[in-house]
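In the two complexes below, subunit A is the common chain; its partner is subunit B in one and subunit C in the other.
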Partner chain A sequence: MEMNYLLNELISWLIFLFGIAGPFYLILRAIGIRGFKEITSYEPHTTFFYRMNPLVKIVFSMTVMIAATITIWWIGAILTFAVLLTYLSLRNGGRKLYLGGLFAISTIIGTAWGYAPFATSATLSIAFPGYHPTILWTWPSYFSVMGYEPQLTLQALLYGLQISFRTAAIISSALLLVMTNTPSQILRSLHKFNIPDSIIFTLMVGMKSIPDIFGYLDESIKIQMMRGLGSSHSRLFKPVYMLIAGVSAIVPTIIHLLRGAKDIAISADTRGFRATKKRSYVDEIPITRLDYYALGMMGFIIAVAVISIFLGFGRTIPYVA
Partner chain B sequence: MKAIEIKDLKFRYLGSKKPSISVPYFYVEEGESILITGKSGSGKSTLVQCINGIIPHIVNGKRSGEVYLFGEPVSGQRVPEISRIVGTLLQDPERQVINYKVEEEIAFAPENFNLPREEILEKIEESIRAVGIENLRGKETSHLSGGEIQRVALAAVLSMDPRILILDEPTSNIDPEGTRDIFQFLREEKGKRTILIVEHKVERVLPFVDRIVVVDEGEIVLDGRTDDLINEAHALMELGIEIPRHILLANQMGITSYDIDEVRETAKQRNMLPEKKVRIHGRGAVLSTDVKVEYREGFRLRLSTSFEEGTITAVMGRNGAGKSTFLKALIGFIDKDQALVESPINMGELFLANPDLQTRGKYIGYLPQSFDLMLINKTVEREMHYSSRVRKANGMEPLIKELMNLFTLDKFAREDPLTLSQGQRRRVAMGATIAGGVKVIMMDEPTSGQDYMHKENLGREITELKKRGYSFIIVTHDARFVYRFADKILVVDKGRLAMEGTPEEVFQNSEKFGIVPPSEYLLRYGNELLVE
Partner chain C sequence: MAFNGIGGFLNSPGMIPWEIVVIYFIVAGVFAIIYGRSHGAGPKFNTVDLVYIGVGAAFTTVWEFFVGPFLDKFVPAGAAAYIGFGFFGRILIVLIVAGLVRKVGTGMLSLFIFNLLGDIFHYGFSGEPIYTIYETLTYGLFIDLMIAITHGHLFGIGSGEENEDATGKAVKGNRLTNFLSKYTMVAPAVMGGVIGFLWAIPDNILYTGFFSPFLYGGIVNWQSIIFSFGASIPGNIVFGIIAAFIAVRVSKVLGQ
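The block that comes next holds the complex of A and B.
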C-alpha cells in the first residue's frame, strides 16, 4: 500500500516534470538552437514566397489564423500540414520542413499538455457530446493547488491536441514571413499600413533579436552543463536539468539583451530614426501578379472556412477561459 | 568656428550621488580631431553622450549646463535632429547594425530623413567609397567579420554626412586588420570634419589626432596637443591610460621624439632597452589535442597542438580564422547538427574522446566572451560554490576561499554578481570557473573592450595563477597583452595552425596573418627581428 502510494507520487511528478520539459527538450535537442535560428532567420532565395510582397504574407498569416480559429480542429490540422509542406519551396526546403515539423510537434505537445490537466469536465462535456471520461491517471490531491483537475482523461488530452492545431497553424504561417523577408522589408510594408514607426521598429528589432536570444540561452545552458549541472544524476534526467538550466539562463540572457537593446536604440536614434513624419525607401516592394494569385488563394481559404461553418464544421471546441 | 562648446555641464545618473561628468568649459574647433581617453568608468562615454544628445534625451538623469553644436544648444533639439550634425559610431559593431544587407544598412539614415531615392543611392555610393567597402556590396551583414561590420556601420553613419563624427571605442571588438582600416579612415578624414574618438589604444590613435583629452572621475584632467603627451606620459600612466612603452622611455631619457627607431637607438646607446621577457617552456604537456571541425556551411578547422603545464598560450589570428571554434570544439560546445567534430583530448593519463560537456567541464574551464551569461546565482558566494555544489564535490572550500581572496571578491560575497562592475563581474566569472577544480582554463577574448588597467589586472591574475600550476589558453587580438604575459602563441589562419612559438618568434612574421607586433616588442628587438 505504502509502496503503491510512493510509486503513484513518483510517476505523477515524473509526468508533471517531463510534460513541461518535453517540448523544451525537443526544441533544444532535436531542433537545436542552431535549427531554431534557421527557422527564425531570413535566407535569400528566389522561389515564390521570396517574391511575394511581405504585406501579402502578413495577410496570409492572418487568413490562416482566422480560418484555424473559426473552424473545426481538423481544418486547423490540415492547414498546419499544408503550410508546413510549402516549406519545401524554401531554401534548404527539406531541412526547413524537418525543423518546422519538429517545431510544430513541440508546439502541439506543449499546447496539448498546457491545456489537458486543466480541462474541466464541464468544458469536455461541451467538446465531446455524450462525454464518458476515460481516466488515464489520477493525480495526488494536492496537485489541485496548481489548478490540476483530479484526473487526467483521454478526452482532456484529445481536447488539448485539438486546441494545439490552432496554435501550430498560426506559428507555421508566421514563420514563413520571418524566413522569407528581411526585417527592413517588413518595416517598409508595415509603414504603408500607417502603423507607428516605433511599433514597427520594435517588431524589427524583435525579429533581429530572436535568433540572438536562442544563441545566448544556448550558451548559458551549455556553460551550466559544463560547470557540472546534472552530472551527478542519471542521463535520464537530462531533460529536467536542461529545463532547470533554461530557466536559470533567462535572467542573464535578458540582462545581456537589454544591454544590447540600448545600443540598438542609440544606433537608430543617432541615425535620424523618426526625424521626419514620412520615410522614403530606396527599394519599393511592388504588388505583383503573384501577390494577386496569393490573395486569391487566401480568399479560397476563407471561403472554405465559411462553407465549413455552414456545413456544421465550425468552432466546435470551446476555449478554456 | 567652434563645432562644440560646453559650458558648466554637470550630469548625474539616476540613483548616483556624484556627477558622472562635470565640465566647466570645453570647446572643439571645427575640423579638429580629438582623442578622448581615460580608464573604464571615467566618464568618457558620458561626455560624448552629452554631445550627441543621448543625454538628456534618451538616458535620464540630472543635468545642468549646456552643450552647443555650432552655437545651437543640444537640449533644445531632438536626437534625430542632432543626428543631422553629429554621427556616432558605437563600440560593438554587431549591436548597432540593424538591417540585413549592407546597402539597406547604409540607406537607413537617408531613408529616415525622407530623402528622394536618387539622393539615397548617391549617399550609399559615396559612403561605400569613403570607407572602401566596395567588396561588401550586396553582402548580408550577418555574414561579415567584426571589422567588416564596423566599417559598414561607419559607412551608415557617414551617409548622413555629419559635420561632427563621434567614434566611441570603435576598435574594441574587432581584429587588428579591422582596426587598421578604421585608423586608415581617420588618417584620410583628418581635417575634413570634426572628429572625436574615444579610445584606449592611445598608441594607435596618436598619429591621427591634434589634441588629447583625458577624463578621470568625471572631469577633464588633461587637454593638450599630442606633442605635449611626452611630457605627461608618466602622469597619464598613473591615470590608468595605456601609454606606449617607447614614449615612456623617451620621457625617461629626456628626448622629444615619438619615433620608435630613434628611441630604440638612444636607449641602446645608453643601455636602457627593456629587459627580455621570460617565457616558460619545457614543462611537459598538460593537454594535447587534434581537433577537426567541419561545418555544414563549409568552414573547416584542423588543428593539432599541445599546451604546457603552468603556461599562458595565446591563440591569435584574424576574425573568422577559427580561434573561437577551436576553443568551443575543445570544450564540446559545438552541436552535432552544426558540424562534424572530432576533438580527442589527452591530459596525462586521461583520454577524452567523447566531446561531452559535463565530462570535459570537470577538467577544462571555459570563460566565454559574454561572461555575464554564466552568472546565474543570486550572490557571488553562491556563484563561486556552484560547480562544487552541482557536482557534489567535497573539499573545495579552501580553493574557493583562496580564489575569493585572489580576485578580491570577499567584500562582494553577498552581492548579486550581475549588479557588479564589468571588471568585478569578469573576476567573479573567472573565479567561479576555476573554483570547479579545473587546471586548464580557456578564455575567449577576455581583453576585448577592456581598458589598460583591467588588462593589466587580468595579466597579473593569470600570471599569479600560472605560478600555482594553472594553464591558460587565451583567444585575443591584443598583441601588447600577449607580449607582456603569454609564453606561447598559436596563430590560426583559415582553420589551420599557421605559426606556433614564443611571442618573440611569432611576431617576426605575424603581420601576414593580420597580427601587428606591439611597440614594446619593436622597441626591444627593432627591425632586426632576430630571435635572441
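The block that comes next holds the complex of A and C.
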C-alpha cells in the first residue's frame, strides 16, 4: 500500500515534468536556435515547392487548416505527417524533415499537455456526446493546486490531441511557405489583392521577426545565466532562474529589436518603398500549370475532409478557451 | 456546420444583447475614423513606424503564444484570475510601441497585425474575422483614444520638447503640453493605469458575455464575469503603470 502510494507520487511527478520539460528540451536542446533559423528561412532551390506561386502556398496552408479544424484529430495527424514528408523535397530535405518533425512533436506534446490535464468534465461532456470518462491516471489530490483535474481521462487526452494536431498541421504547412519563398516574393504576391502596401509590409516585418525574437530571448537568458544569475543556489533551481531571466529579458530584447527597426526602415526607404502609388516589378511571379495541379490537390483534401465528416469523423470537439 | 467556427448563437441566457454589441462596434469604428482624422491622425505612418508596429506585434505573438502560457503554468490555479503573464506581456509590449509611434491608429494597427500573426502561427484563422474586429476595436481603439486625447503625447512623451524652441530655450506651450510636461511622474501613471483598467473590460465582459456564446455557445455566468473582471483589474492597472514608465524610458533610449 505504502509502496503503491509512493510509486503513484513518483510517476505522477514524472508525467508532470515530462509534459512541461519535454517540449522545452526538444525546442532548446534538440532543435536549438540554429535549427529554428534553418526551418524558418529561405534557401534557394528548384524543386516544385520553390516554383509554386506563394499565394497558392498560402491557400494550401489555409486548406490544411480548414481540413484539420473540421475533422477528427487523427485526420489532422495524417495531414501533419504528410506535410512533413514533403519536406524531403526541399533543399537539404532530410535535415529539414528531422527539425520540422521535432518541432511538430514538441508542439503536439506541449499543446496537448496544455489542455488535457485541465479539461473539466463540463467541457468534455460538451465535447463528447454521451460522455463516459475512461480514467487513465489519478493524480495525487494536491495536484489540484496547479489547476489539474483529479483524473486524467482518455477523452481529455483526445481533446488535447484535437487541438494540438490542428496547430501542428498549420505550423508545418506555414513553414513550407517561409522556407521556399523570400519575404519579398510573398509581399509581391499579396500585392495582387490590393491590400495596402503598409499593411503587407508590417505583416512581413512581423513574420520575419518572430524567429529572430526567439534567438534574442535565448541569448539574453544565456547572458544572464553566464553573469551568474542563480549560481549561488543548487542546480535544481535552475529552471526557476531561467524563468526569472526570461521575464527580465523582455525589455532589453524589445529595445534591441526596435533599434534594428530603423535600419530596416532606412533600407526599405532607400529602395523606394511607398515612393509611388503603384509598384513596378522586374520579375513577375506567374501562376503556372504546377499551381493548378496544387490547387486540384487542395480541392481533393477538402473533399476528403467533407466526406469524412459525413462518415462521422467530423470535429465534435468545441474549442473552449 | 457553422461558418469558419462561428456558431452564431444569439440567444444564450444572460448574453449581452447583440444590438448593443453591433452598435458599439459601429460607433467605435466610425468614431475611430472621424476622431482620428480630426485629431492628429493627419501624420501618416512612416516606414519606421510600420517596422515598430510589425516588430511589436511579432513580439506580442511570441510572448502570448509561446512564452506566456509556459509561465502561466507556474501560477497556482487560485491566483490565475489575478495574474496572467501572457496578457501582461501584451500590455507591456503594445504600450511600448504606442509610446514610440504615438499616432492615432497605432493601437488598432498593432492589434490587427498581432491578430493576423496569431492566426498564421497559432489559431489558423478559425473564428475570423470576428476576433480581429473584436480585438482591433477594443484593445487597439482604447490606446488610440488615449493618443487622441493627449494629442499624440501619450504618457506625456514629447510634451517637453514642444515647450522649447530649436535652441532648447523654454517657450510657452499650449495648455495640454504645459500640463503634461509639468507632471512627468503622474501623467504616465494615470494614463497607464487607465489603459490597464480599460483593457480589463473586453476579455472579461465583452468576450465572455457575448463572443464566447456567439462563437461556440459558451455559457454566460454573470457572477463569474463580475468576479474575473474585478480580479483582473488590480494586476492590469499595476502592469499598465509599469508599462507606461517603461514606454517612457524606451522612447528616451531610442531617441524619439
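FYI, the second predicted complex is superposed on the first by the 235 of 321 C-alpha atoms of A that agree within 3 Å, B and C clash if a C-alpha of one lies under 4 Å from a C-alpha of the other, contacts with A are read in each partner's own complex, and residues count from 1 in each chain.
Keep this in mind: a residue touches a chain if its C-beta (ideal position, glycine included) is under 8 Å from a C-beta of that chain, and two chains touch if they have at least 3 such contacts.
Owing to the predicted nature of the structure, the values given are computational and were not obtained by experimental measurement.
Engineer: Does the superposition put A:Y42 against subunit B (first), subunit C (second), both, or neither?
Structural biologist: The first partner, subunit B, only.
Engineer: Touching A:L243, do we find subunit B (first), subunit C (second), both, or neither?
Structural biologist: Touch partner of A:L243: subunit C, not subunit B.
Engineer: Is A:S144 contacted by the first partner subunit B, the second partner subunit C, both or neither?
Structural biologist: Only subunit C; A:S144 stays clear of subunit B.
Engineer: Which partner chains sit in contact with A:P196 here, subunit B, subunit C, both or neither? Use first/second/both/neither.
Structural biologist: So A:P196 meets neither subunit B nor subunit C here.
Engineer: Once chain A of both complexes is superposed, is A:R166 in touch with subunit B (first), subunit C (second), both, or neither?
Structural biologist: After superposing on A, A:R166 lies in contact with subunit C but is clear of subunit B.
Engineer: Let me test your reading of the model: by the given contact rule, A:D269 touches which partner, first (subunit B), second (subunit C), both or neither?
Structural biologist: Both partners, subunit B and subunit C.
Engineer: Just subunit B (first), just subunit C (second), both, or neither: which does A:I255 touch?
Structural biologist: Both partners, subunit B and subunit C.
Engineer: Once the shared chain is lined up, is A:M225 touching subunit B (first), subunit C (second), both, or neither of them?
Structural biologist: Only subunit B; A:M225 stays clear of subunit C.
Engineer: So, does A:I210 touch the first partner subunit B, the second partner subunit C, both, or neither?
Structural biologist: second
Engineer: Across the two complexes, find the residues of subunit A that touch subunit B and also touch subunit C.
Structural biologist: 204-205, 208, 251, 253, 255, 259-260, 264-265, 268-269, 273-274
Engineer: Quick one: which bits of subunit C touch subunit A in the complex? Just the residue numbers, please.
Structural biologist: Residue positions touching the partner: 1, 5, 45-48, 50-59, 61-63, 66-67, 69-71, 73-74, 76-78, 80, 85, 89, 92-93, 96, 100, 109, 112-113, 116-117, 120-122, 124-126, 212, 216-218, 246, 250, 253-254.
Engineer: Sort out for me which residues of subunit A touch subunit B in the complex.
Structural biologist: 32-35, 41-42, 44, 182-184, 204-205, 208, 216, 219-220, 222-232, 248-249, 251-253, 255-256, 259-260, 263-276, 278-282
Engineer: Touching subunit C in the complex: which residues of subunit A?
Structural biologist: Going by the criterion above, the answer is residues 20, 24, 62, 65, 68-70, 114, 144-147, 166-167, 170-171, 174, 198-199, 201-210, 213-214, 217, 243, 246-247, 250-251, 253-255, 257-262, 264-265, 268-269, 273-274, 309, 314, 318-321.
Engineer: For subunit B, which residues are in contact with subunit A within the complex?
Structural biologist: 52-54, 57-58, 78-84, 86-88, 90-92, 95-101, 103-104, 107-117, 120-121, 124, 140, 142, 153, 156-157, 160, 331-333, 335, 337-338, 357-362, 366, 368, 370, 372-376, 386-387, 390-393, 418, 432-433, 436
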